[in-house]
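Okay, so chain A shows up in both of these, paired with chain B first and chain C after.
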Partner chain A sequence: MTDVRITIEDTSAGTNKNMRIIHIGGQLDESNVDEKIQEIYKLLEANPQNLFLIFDLENLEYMNSKSIGYLTDIYGKITEGGGKVTLAKARPNIADILQVVGLTQLIQSFDSIEAAKAALSS
Partner chain B sequence: MNNPNQDVKITITLPTNAYFISGIRDFTLNMVKSTTNFEERWAYRFQSVIDELCNNAIEYGSAPGSDIRVTFYYKKDDYLKISVEDTGTGKNKINAAGLQKLFDGRKAPGYAFTGIRGRGLVKIVGEWSDELKFEDRPEGGLKISTTKYIKDARKKDEGLSQNQATPTSIPSIKLNI
Partner chain C sequence: MFDNPLVLLGISLVCAGIPAFIWLYILFSKNSKSKFVIALVFGLGCLTAPLLLGIQFLSAKYFQFDLGNFIDTSVLTNNTKYIVLGFVLAGAMEEIIKHYAVSSVDKKTILIKTIGDAIRYSLAAALGFSFAENIVYLYQNWAQVSINEFIGMYIYRSVFTTCGHLIYSGIFGYYYGIGKFSIDITKQHQLAGESSKITAFIAKFFSIPLSHAYQQQMVLKGLFIAITIHSFLNFLLQFNVVFPVIISVVLGYVYLQYLLSRKAGHLILSTDISSKRKTSMAKNDEDVVIELLGLWFQEKKYVDVIHICERLLERDPDNNVVKLFKAQASDRMDDKDTYKTILNTILIREKDLSKNDQNIITKYIENKDQIIKSQTTARTTPSITETPEIKKEEDNKKTFTLQL
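Our next item is the complex of A and B:
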């Protein structure tokens, strides 16, 4: 299995939102995505309404089309529940693939966590 | 000493296991950077293209315990062609005409990708190929070939540096993983 790390940080303190930062590092591919993505779905199950998520992609080196499919699905579930999703700090190759599949038309992408937070807080 | 003006052909055979695909991605990235004149962003794009084609071949085309074959052909200063072949023993018995139809349907304007799967071939391989060809192999299975011409890559990367490392010559290599 290719190495990938997903950690979830609660950043609700100081805001009036139920906000989390999902830090993803390594490579999300066919060998690991089905298993690792469940950590995020568990978070969604526990917080079905008004969840505000920032995906911190600074250390993400690779993602395949299935990972993008999951991101799209997660976006749909969160927005249905009244929440919001943003992306932050994607490397050029990750930004490139997100753009070619059209995900950046769906989910806003920012250069910094602070900017992503500000967008979710507004 | 190898002639740096020679074309390069590399063939890799690997088992039907997603575990090995990260090695192919690393190889693709390094090979495109060191052997071709494509801009660096294309090394990452080819990495995604090869990953999607191999995953499809492993998931649908070749049964567990069989192989897939990946071939890189670099025509110096002209194009890079990548082919992925499966054995046709996998769970999806689609032929080349059927796959072309499926591809065309998903490429049609307004097609909505609703599931987790299905974006790779059309939105990644299709978008980053100048030519995409589906063929039935005489011995069974499918061969999918994607070709990207350097001049088109440069046109799309207008404004980026065109200085590249001197190509390394590897006339023909076969690897089995």
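Our next item is the complex of A and C:
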């Protein structure tokens, strides 16, 4: 299984929103995506309404087609529950893929976590 | 005057030429293909008929096998098995020789650049063959039938026999075209989860690449279908069963027009390597997107597939697999709309499914668009002046629409 790290940071303190940063590092591929993505789905199950998510992609080196499908699905679930999703610090190759797929039309992408937080807090 | 063979030949030539040129006009007048190349293929098609007669003559002389006599004897002795065999052999010879006119030119020049080209040039060759065959037929029967019988035979051969040749060759041409672009098509099929067990078996059995096996399979399939329809219609005609022949020819022609109208058939898949434009996307990243196209194509998210293909083609304009995905998604949507129209005519349903129900990104973008619209309306209603923020949102919205 390829190495991938997903950690969830609660940043609700100081804001009036249920906000989390999901740090993803390594490579999301066929060998690990189905298993690792469940951590995010568990978070969605526990917070079905008004969840505000920032995906920190600074250390994400590679994402496969399935992980793009999951990201789109997560976006749908969160927005249906009244929440919002943003991306932060995506590497050029990842940003390139997301742009071509059309996800950047849906999900705003920022150069820093602070900018992403500010967008979600407004 | 009509006893003069040259005059008879001239009259037969004119009579056979009229329908041939009407068909050429119907099929190629609105087409941008070079008239010279079409004329060349038509001319080669004309030569295939005497070539076939030559082969039959040599076969009768050196192998004591005269196909015409074989069929006539089988009919006289009412031996159905041999009649079928005779027609299959005659059909096979005609189809192979007509196809040779196209494939030989295609191998020397890059004649066929799209699947549609393969069909069109096959039609031109078939018209040439039919033209030459009609000359021989009219010349031989001129003195043997009454004028009324001759007119009936002339109209029948001009319309239905010629149309029959167009159908057999057009279908064979279609499969030849698919086979020619098998490398890209096989890859696209694999990504879309449409791999064939027969192709895999052929590849394994003959130890050849999958795309090569697919090409062989398609050419043989095209030949098989063309021979089957050809023999079947000839068999029916032998016993004067005309009505099913007319129905079959009309249906075949409609099917041929359907094949020609497919968007995937218009794609230019044969590109000169030296003029091929480079992709501006890293190969690994592009592979991820193409893999996603395959997944979403399987899930019938055709609108999303088309949008992704459009963006990807801006980055990699000569990627045939992406072009195929876009054209096929578009074709599937057209088919879906056709079926929907038919179903809606038969069944009046309370709730009709939108084409976007299965699409993800497109659906969400439309939702987002509606939210922005409702927010803008709510914010602009009480206010008389437009704030810069709202103006910016409006501009963003316009960008979305344009990007779609």
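FYI, the second predicted complex is superposed on the first by the 122 of 122 C-alpha atoms of A that agree within 3 Å, B and C clash if a C-alpha of one lies under 4 Å from a C-alpha of the other, contacts with A are read in each partner's own complex, and residues count from 1 in each chain.
The rule is short, and it goes like this: a contact is a pair of C-beta atoms (placed from the backbone, for glycine too) under 8 Å apart; a residue touches a chain by one contact, two chains touch by 3 or more.
For clarity, every value in this text was computed on a predicted model and none was experimentally measured.
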item: Joint occupancy of chain A by chain B and chain C, clash or fit; value: clash
item: Which of chain B and chain C A:Asp10 touches, first, second, both or neither; value: neither
item: Which of chain B and chain C A:Glu45 touches, first, second, both or neither; value: neither
item: First, second, both or neither for A:Leu106, with chain B first and chain C second; value: second
item: Touching partner for A:Thr79 - first (chain B), second (chain C), both, neither; value: second
item: Partner chain in contact with A:Met1 - chain B first, chain C second, else both or neither; value: first
item: Touching partner for A:Tyr70 - first (chain B), second (chain C), both, neither; value: first
item: Partner chain(s) touched by A:Gln27 [first = chain B, second = chain C, both, neither]; value: first
item: Contacts of A:Asp96 with chain B and chain C, given as first, second, both or neither; value: both
item: Of the stretches 8-16, 62-70 or 116-124 belonging to chain B, the one that collides with chain C; value: 116-124
item: Residues of chain A that lie at the interface with chain B and also at the interface with chain C; value: 62, 64-66, 68-69, 72-73, 93, 96-97, 100-102
item: Residues of chain B touching chain A in the complex; value: 18-19, 21-22, 25, 41, 44-45, 47-48, 51-52, 55, 58-59, 113, 115-120, 123-124, 127-128
item: Contacting residues of chain A [partner chain C, same complex]; value: 62-66, 68-69, 72-73, 75-76, 79, 93, 96-97, 99-103, 105-106
item: Partner chain B, residues of chain A touching it in the complex; value: 1-2, 27, 29-31, 62, 64-66, 68-70, 72-73, 92-93, 96-97, 100-102
item: Touch list for chain C against partner chain A, complex; value: 281-282, 284-285, 288-289, 291-292, 294-296, 304, 307-308, 311-312, 315, 360-361, 364-365, 367-368, 400, 403
